[in-house]
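Since the structure comes first, as structure tokens, the remarks are kept for the end.
Chain IDs A, B and C follow the sequence of writing; residue 1 opens each chain.
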Amino acid sequence: MTPAGSLLLIAVVLTDFAVLATSRLSTGIRTIGLQGLLLAALPVALHPAWSLHTAALAVGTALVKAGILPRFLNWAIREANVRREMEPLIGYGASVLLGAAAVGVAFVVAPALPLPDGRGSLLVAAALANVLAGLLVLTTRRKALTQVVGYLMLENGVFVFGLTQTEQVPFLLELGVLLDVFVGVFIMGIVVFHINREFDSISSARLEELKDI
Amino acid sequence: MTSWLCFGLALVLAPLLPGVAQRTKSWLTGRRGPPVLQLYWDLARLWRKGAVFSSVAGASFRLGPVVFAASGVAAAMLLPFANNPALIRFPGDFVAFAGVLALGRFALVLAALDTGSSFEGMGASREAAFGSLSEPVLVLCFAALALASQELSLSGMLGPALPSWWAAGPALAMVGAGVFLVTLAETGRVPVDDPATHLELTMIHEVMVLDHSGPDFALIHYAAALKLTLLGTLLAGVLVPAGQAAAVVRIAGWLGGLLALAVAIGVVESVMARLRLARVPQLLTSAAVLPGFAIILLLSRAA
Amino acid sequence: MILALILIPALGAIGAYAHRQVAFRTAWLVTVAAVHLGLVLVAWNAPPQPVLGGWLAADPLGLVVLGVVSALFLAASCYAVGYLRRENPRGGRAFVTCLLAFLSAASLVALSQHLGVLWVGMEATTLALAPLIFHRHDRRSLEAVWKYLVLSSVGIALALLGTFFVATAQFAAPASDRPLVLADLVRHAPSLHPSWLKAAFVFLIVGYGTKMGLAPLHSWKPDTYGEAPSLVGALMAGGLTSLAFLGIARAVQVMAAARLASFAEPALIAFGLISLVVAAAFVLGQSDLKRLLAYASVEHVGLLVLGLGVGGAGVYGTVLHVVNNALAKGLLFFAAGNIALATASSQGPVRGLSRALPRTAALLVVGLFAASGSPPFGPFVSEFLILRAVLDQGHLFLGLAVIGLLLLIFAGMAKSILGAVYGEAPAGLSREVEDAWVLAGPAALATALLVLGLYIPPAVGRALLQAATAMGGHGP
């Protein structure tokens, strides 16, 4: 694992904490954009041999994750006219501590999953940490847009893990992940737009009409 | 020998740091600001004055500043300066270090409560609350350092046994960030507390010592500056890679680190506003996560 | 041939989007569906060659699932003719396009032997269904589609992670193996890294289980099935669950070949049992018909996974149940759709259907008995086989618990459905809803269920047996 790669992965996990700790939606989106930028630099850092594939992947990731998606989410914020997150279900301090616990679990589990070329467990650990932190944001936040940010974090974790595969599984799949994120967030954004129009708020606490108990 | 020299230097140079911070802040906001040595003149002036004691205050009020200053000096004896061994060292002395500093804070809190004034009581409760949140962060930083250097004494942790930046860079950076945030919290700087505010309801540390005067007040100011110097030494020990260099180089590095810390505090005070008091626990919890993550990294690397 | 199965619906979708006339679209939909089913039947008789270097091939299990999805789709498209005549807010263009896109993606999932391609197909079905759920564009369907999107996307992302884990597990396999291709995975399964496989299985079952609607990952189901148009609900309950089951089944295939079945089985049995318990708990006292059907779907999905976990003859029962479940759910949803068309809502207690909509009521009662596993219908056979496998393996308490839960569910469903069928009919229910188009599909499904309960055609039986054997089970 090159030092640049380690640094980037640690920075990615730190951005997870930043998203968990922030209460402002715009800060959360900016942090996710920063995470996207770090992820775009990762293929280049992990594969010191330059190739067209690596460069294309880096550029594409940067464009989608750090450019298009944050801009789209900011548009959605302006449409819905929200700035702050409401108090999440478990409080910010508890979220950060749970996030730390999740990262701890990821780092404990990672050595049990050794990578084939012995690249150290930091990659797997960072990927798992991202997935768990994304799940945490998804489940403990009330605003629909913050849930989308959590979904983005989850997908970023899957993306990080996908980077271990680029020798075996073609880059096509990596680009497929990108496309998946793009389309997914796009559709979610449209639905959020409708939700805002219908309910005049994007708090998913309002989406409680359909239930059984 | 060098240890005694550094110890003396620390005690003497302590009041310089708040001056540097204040000067930096003034320059950044377009003013000239007070001289860097201002705190020395203030201490001298206060020492010459007489003290006024309230008739309802008891022994705790008089003892508070003295214990606070004495705890600062005692903590200085436990801390290694510029990678030289500390004057007093034993395995586990980092606990004593944290404890002695906490003792000082406790004495001040008692003195504030002893006055019976509501302002001091409010300041004391805030100081105690935020202190209880910053202590775990400090302990976590020490735990990370102990893991990194495999030593249980402060002299070992901040000495040559600390891995270099090449080996454990990110972990050291995160511990450094954690110590920086603890410094801001313990010395009452932005974003935890604004030392320049004149509104008592927004103060934490200044309002706690409202009723002290004369030499007592001088002791409190000096001890606060000494606390800043000690935590700054801790930070410099983590961040400045002195290693095995000559003593002069190491001392220069240490002093440079202290200066950089003071400038950094000035910068932070200029660009940020104080956080809402309800948000400070959030900040400190996030600060706890940084050395926690460093510990996870160090453990996974060791495993 | 395989490519035709996937591309024809895709081209049909583009055609439906491009054309302007409404009436043309429904005819187009039925035509494409019929052509697709014809091609599937041809493929059953003469299995086509694998294409794309073995990435797409028609193996027995895939053919079974594809056959059932295609048949259900044909029934749904016939139903759509009648449905779009009455409830068609915006011309039905997006509706028909997304339906055909769903069929194309479903064919992709059923025919893929490459776990990555399977994932792509599942993702495509998720995205294709979202506009369909939101068809009515009102508040409740908005809430439903949001919950569906969030949970499905999370499930799909976790399944992708599981797929990546499987790819990593292959590093110890011979280099000539094609990555993520099922045949190679199974062939060299013992040399795959066990920790990676176990982690992969966990993520795959959670991810595809969310798509399937296994409890406790089922919370999107009641809302989605309740708010989506009934024929979409039928496709989801019959088609999507079978496709997601296919994903889990592929994972189980690999685990069984890698001799890690003892790790997989407890998880499967646990999910199955929890699903049955949750279904039983929420079925009682459920007044909304489509939500009731959603919980019934949770029950059947639990049974599927339970049979898979028990192994042996249970696997055969599971594969048979895939077919039966799809047919039964389709039948029930179409009947519920008729009620919805007649009353303009299916919530709140509907009564007196036997007088107002007699044929629909008959279909509903048939569906009730079929779905709860009464003889002489198909699900009885499959549920019986699964139960017998459970007891054969010695899980006495499990078997008794399953029987008890099935009885509870039958009681709950019977109460709601029979309550809807009998009683005084309210005024205003028009019988003209029941035209040939909306009755043809469900009637055909009911007939098929009856036939399957009494006699399994040898071709079908052979396919089922081959599918079961491939997953490590054996015949009845």
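The working rule: contacts are C-beta pairs under 8 Å (C-beta built on N, C-alpha and C of every residue); 3 or more make two chains touch, one makes a residue touch a chain.
None of these values were measured; they are calculated from a predicted model.
Novice: Select, from all pairs of chains, the pair with the highest number of C-beta pairs in contact.
Specialist: A-C
Novice: Which chain has its C-alpha centre closest to the mean of all protein C-alpha atoms shown?
Specialist: It is chain A that sits nearest the middle.
Novice: Can you compute the centre-to-centre distance for subunit A and subunit C, using the mean CA position of each chain? Integer Å is fine.
Specialist: That gives a centre separation of 31 Å.
Novice: How many angstrom between the C-alpha centroids of subunit B and subunit A?
Specialist: 37
Novice: CA centre of subunit B versus CA centre of subunit C: separation in Å?
Specialist: Result: the chain centres lie 64 Å from each other.
Novice: Mind pulling the residue numbers of subunit B that touch at least two other chains?
Specialist: Subunit B, residues with two or more chain partners: not present.
Novice: Which subunit A residues touch at least two other chains?
Specialist: Not one residue in subunit A touches at least two other chains.
Novice: Over in the complex, which subunit A residues touch subunit C? Could you list them?
Specialist: Per the touch definition, subunit A meets subunit C at residues 112-116, 127, 131, 135, 138, 144, 147, 151, 154-155, 157-158, 161-162, 164-165, 168-169, 173, 176-177, 180, 183-184, 187-188, 191-192, 194-195, 198-199, 204, 207, 209-210, 212.
Novice: Would you tell me which residues of subunit C are touching subunit A in their complex?
Specialist: Touch residues, subunit C against subunit A: 116, 120, 123, 127, 130, 134, 139-140, 142-147, 149-150, 153-154, 156-158, 160-161, 164-165, 167-168, 170-172, 179-180, 193, 195-196, 199, 222-223, 226-227, 282, 286, 291.
Novice: How about subunit A: which of its residues touch subunit B in the complex?
Specialist: 3, 6-7, 10, 13-14, 17, 21, 92-93, 96-97, 99-100, 103-104, 107, 110-111, 121-122, 125
Novice: Please name which positions on subunit B make contact with subunit A in the complex.
Specialist: Where subunit B meets subunit A, its residues are 166, 169-170, 174, 281-282, 285-286, 288-289, 292-293, 296-297, 299-300, 303.
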